[in-house]
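See the structures that follow.
Shared chain: subunit A. Partners: subunit B in the first complex, subunit C in the second.
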Partner chain A sequence: MKPSADTIKTFVRDLRNPKRHSSKIIWVLLVVLLIPIIIVIPEFVRPANIANVLIQMAPLGMVAIGQTYVILGGGIDLSVGSQISLISLIASTLMTDSPLNIIAVAALCLVCGVLFGALNGFILKLFPMPPIIVTLCTGYFFQGIAFALHKTSGGYIPVALKQVLTANSGFFSVPFGLYVLLFAIFAYVLYRTRFGRYVYALGGNADVLEKSGIRIDRIKIKTYMVSGLLCAIVGIYLAARLRSGSARYGDEYTLLSITATVVGGTSMAGGLGGLTGTFAGTILISMLTNVLNNIAFRYNLQSTYYKDIITGILLISAMYFYRNRK
Partner chain B sequence: MKGMLAPIRKLKLTQILRTPHAVGVFGVYIGFIILLIISYIISPASRTLQDFINLLKQSSGLGMLAIGQTMVIMTGGIDLCLGSIVTLVHVLTIGLMNGDPSRILGVCLLGLAVGSLAGLFNGLGITKARIAPFVMTLCTDFILRGLYMIYTKGQPKGILAESFRNLGRYRIFGMVPLSVLFWIVLSALFIFILKKTVFGNRVHMIGANAVCSTLSGVKNDRIIIAVYTLAGLLAAFTSIVLTMDMSAVSLNLGADYSMDSISAAVVGGTMFAGGIGGVEGTVAGALIIRLITSLLQKANIANWGKLLIQSVLILSVVAANSRKKRT
Partner chain C sequence: MLLEVKDIVKRFYGVTVLNKVNLGFAGGEVHALVGENGAGKSTLMKIIGGIYHADEGSVLVDKTAVKISNALDAAKLGISIVHQEYNLVPDMTVLENVMLGKEMTGRLKAIDKESSKAYVEEIARKDGIKVNLDKYAGDLSSAEAKVAEILRACTNSMRLLILDEPTAALDDDDVASLFSLIRNLKARNIGVIYISHRLDEVFHICDKVSVLKDGKHVGTWETGAIDRDFLVKAMVGREITAVFPPRPTTKREGTKKILCIEHLSDASHFQNVSLHVGQSEILGIGGMSGHGQRELLRALFGAGKITSGTISIEGKPVVVKHPADALKYGMAFLSDDRRNEGLAQTQSVERNIAYPSLNRYHRNGMVRTKVQHALVGDLIDRLGIKLASERQIVQNLSGGNQQRVVLAKWLPLNPRILLLDEPTLGVDVGAKVEIYKILRDLVSQGISIIMVTSDMLELLNISDRIIVFYEGSVSAEYPGEVATEEIIMAAASGKPMAIGGMV
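Right after this comes the complex of A and B.
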């Protein structure tokens, strides 16, 4: 079949108007970006590097799953970074070498994460405030507690936990495996369960959902709890990876997780988009980070500074691109 | 924009004091006085005029910056990049001046231009690209942070010209620093602009009901762009005034200012819902925030105590206001 002008036009229109679950444009963008990257930096596609990118994308990917839930429900979570930092400090402060203790502390961290999320949700339930303000303030609150625990990085994480959580052989690594597992679970919940439908409806039209007899507050609180749980997992992972906790570990994840979600086609207004787009958004950011590190290493630059700028521009252009939706 | 600054009615003091705030401007000032008395009880050593002037001086930077934040919040937005503007302009001013007195004017003008440009960029993104204000300004914050880190490579350099430092040391009547004077003048100016001019009326109107103001023929976009640009300009000006007083360049100068200015505006009675509030409350808000900071510094828990107290403070003020009916 010869592609006529019409089919191309339809394709482009489809790209500009992502359907509920698919966002083709981000995948197209990924492929288009990959070509010049491979030409300029052939090392990028070496198996070792690909495996590296997969490990690097795991923590961001996990945070972004939670962020996607919250944004789909019409909210936003600006406290993810501080939650991650605080969890990493709780873990590193309490852990000792005994296996029982490791499991207990890890469980406590997960409970704490869920509670942090629940706190966000409860404040939003009690007072009709914009979620930005609430999560910005709770974020500062968690950050404050984190600073009170440790001014700089510190604490102790047993070697065993690090070995378990960072184990890898070839393409398979524990962090990426964990990410895929969590992604599968939460994608199933979002796309195949009643709760998932309600999350979409909450962002799409909360009034209608409430009038159909659903307790929208509970759905909202649950989305924030999902975000908190995933932040806790990432907090434990980051603490284990560097064998210490720090009040600054999570800093970059707030903006990065929002960027991954929005670039992946989830609408800031809620109700549109989905986890598959976020997956692609996460790949995009990890790919760019890896390439940036490579270039920065070559020319002896500080890659984090450029990363800030590129993330900012990426998010602004994504928002600009999707401006006409809804 | 012609005639924007034309006064719409005569300025009466009673009108300034009788505003539809949730707490009321009086309440904020009474809160400040109570807090001041508490601080005097805690530390008798600070019961001097000199100490009070020091408090004014410490609050002046925040006070000027918070004027811009107040206007932004009144239009229903939020500006999270003011702190980065402060640091960027500070680093540029010191780095480019580098001890040469002939460059002072040029460098200051450049700083003001950079701040306004950042604000303009925010305004354009928010109006033309329809990006949510906090996302837009958060992105700008990261971009500016990247820029000043690249410019300084993490190790800022440069020294101030001696004549510029002398401006910072200058005391009117041997007591009041220039920064306090700037703060008073700017606050008075913006109280007047917001209360009594067409521009101020439109800022209120957009925050209260953007659709209504469009239907009344107001070009919302232009006002919003102007407000963000002014916020950027004021942040740059604040940075220059703060720089006068610095002996060395610091990358942390602006770190707290975004949060502090939001706190000052909100504590001062400006509501996130938009349309309600004003600079007259923000002045007291800035004083309260700085007084709390200095108390915490005396207790030596400033770095984390401030985060905890400020977050709870903002949340409780916004929560208290959120129950009230909008006027």
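Right after this comes the complex of A and C.
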């Protein structure tokens, strides 16, 4: 079917003036970026590399799911990186080779993650302060505990756990599969259930939500708990992948998860955007990271610095681009 | 009686806003509640709606005392409030807004959009409400937003609907459709409390009218039994105390115009405003709050954006795009938001006074503290600011003293025009007298003043000339000597009376 001139016109207009919850622009950007990337680095589209990108995007994607919940609810979680690090150390400190122990420690880590999130939420309920300050502080708090547990990376993770969590064959891999599963669950909750609706209303106009008889503090706390739970999953995964824990493993995920969310069209003010956009934002960041690594490898450069520069530029451009929406 | 309030008393920080108010509202009746700004109407409604709590007295529903601690309690009793301000989640659809907090869910806890829609459409049809349920609330016009809010109230099996200034942002057609909606509700035996400043609407749609004044219930009448003049008298009639300095007796006819504005408009608050102020004149701008006066004043000072029209000072056209421009042309501005815009709260009196004039008392960027000190001391004496020391922190001063500090900071710049927004807001009576004296004193030195105020007595007794705003335009202009509360009230509700050939 050939699109008529009119549909193209509306499509272009929507792109220039993004509407509400639309994440169209970011998908278009992805496709547009893919063309020069394929020309410059043909290796990018090799199946092995694509599979690699999918594995790499899984942890960021999971953290970004939680971050999207929090930002949609009008908050922000700057403590995600430290939560991930602390969980990785809790796991690596307590784990032994016994299967029962592995399961128990993993469960404990998930509970801790939820509790970390709840702590963020409760502090915000008890002492109403900007979430950016509160979570920055709790982030330092979590990281401090992590450093106290282990000054360098260390601990022990049984090889069996690594084998299970990093298993892959062809395009399928456990981390990406887990990400898709979690994404499906949390997208369903966000888009189809009452709780999801309340998250949007909380960020959009908390006053109205409260006057509708909803306890907004509880909704807010739950968004941080979702974030904490996902951080815990990522913490366990990173610990398993590297077979150790470290107070620094999670560092990069704080800014990256916010960038993935905002680039995906979720408004920093809350109430606007959604997980589909964040999904695209995650792909974009992972794609760029992979391309940078490829270029760095080819020219023997230090890719991490360039990645930081690009992340910063991306976040500012996205916030500027979306500023006038509505 | 569907709802009664008995001996309601409410105080804020020791100020009594409602004093033993007794009122009853019946089902199937549209009951207007009127009174001046600050009469206590909104406070009373917020008590009924569970947002505030009365210090004394009780609220009765069906003759039984009830405790309404929050909006949800009120909704359970069938009481819904449509507030004056916007109360929807902008990035959700009308349907989602209407069903917020009572979503219908089906399998796997998924929200059942089809049933919700059918349910809401059925209610809308029954009450004759027309609104597009799929539109985002942020895209609605003011009228549609009001209708959406009423629809939300209707889904709460409402018995009593409180409408707070529902027509403030509506045009005539929208008002007509709102009224037909109100009649439908009335026919279903729903009680309506209608708060409005527009008296013609009160006579048009309401069965009964109650007047509140200074927190007291003046009376309740059938709208058929009284007329407009009677109602206006009931709303305003009070004594004027001798807090105001006498006006100068000399004629000001023929004095030169200092500031002239012509056909000034901004994006949304005021349109096509033309006015002028003469030398040594106090021009008072009155009207109900929210009719564009405040925005006009801010635009004159460069704190708001002008879309068309011209400003000229002493005959020369000027462009004011930023407060710095306004200062250059000799204008000074006293904000109604003293806390945020008038003063640096945590700084000393001396520093606050010195900020605007720092440019003039420095040597190569270093503040000449001795000169500054002498200047500040002089101003403190001149305006009679009562202080323990110039180093005293501003936020610990009384409202009256704070306002004098704001005035003092502008005087070293020798302003020609003072723009005052609510100059005595939050100032007690004794200090008001002092501020009025200062204003008169400044005027006698050749300064011109434009003063926006919602204090009727202040407007009538301080202004040499009065302009009344209604819906963003000048509704009427009167000399200060002849204006009365009735005349101003009439002009402020869009029905100016002609007196002596002047409108």
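Observations
In this section, the second predicted complex is superposed on the first by the 310 of 326 C-alpha atoms of A that agree within 3 Å, B and C clash if a C-alpha of one lies under 4 Å from a C-alpha of the other, contacts with A are read in each partner's own complex, and residues count from 1 in each chain.
Please note the rule applied: a contact is a pair of C-beta atoms (placed from the backbone, for glycine too) under 8 Å apart; a residue touches a chain by one contact, two chains touch by 3 or more.
As the structure is a computational prediction, the values presented were derived from the model and not from experiment.
Of the two partner chains, subunit C is the only one touched by A:G204; subunit B is not.
Once the two complexes are overlaid on the shared chain, A:T166 sits clear of subunit B and of subunit C alike. Comparing subunit B with subunit C, more residues of subunit A are touched by B. When the shared chain is aligned, subunit B comes close enough to touch A:T138, but subunit C does not. In the superposition on chain A, A:T93 contacts neither subunit B nor subunit C. By the document's definition of touching, of the two partners only subunit C reaches A:S212; subunit B does not. Once the two complexes are laid over each other on the shared chain, residue contacts for A:R323 go to subunit B alone; subunit C is not touched. In the superposition on chain A, A:R192 contacts subunit C only, with no contact to subunit B. In the superposed pair of complexes, A:F147 makes contact with subunit B only, with no contact to subunit C. The interface of subunit A with subunit B does not overlap its interface with subunit C at any residue. Per the touch definition, subunit A reaches subunit C in the complex via residues 20-21, 188, 192-194, 197, 200-201, 204-205, 207-214, 271-272, 326.
Within the complex formed with subunit B, the subunit A residues making contact are 78, 123, 126-130, 132-134, 136-141, 143-148, 151, 255, 258, 262, 268, 302, 304-309, 311-313, 315-316, 319-320, 323.
If you check the complex, the residues on subunit B that touch subunit A are 78, 125, 129-132, 134-136, 138-143, 145-147, 149-150, 153-154, 259, 272, 301, 303-308, 310-312, 314-315, 318-319, 322-323. In the complex of the two chains, the subunit C residues touching subunit A come out as 70-72, 75, 87-92, 96-97, 100-103, 105, 108-111, 136, 138.
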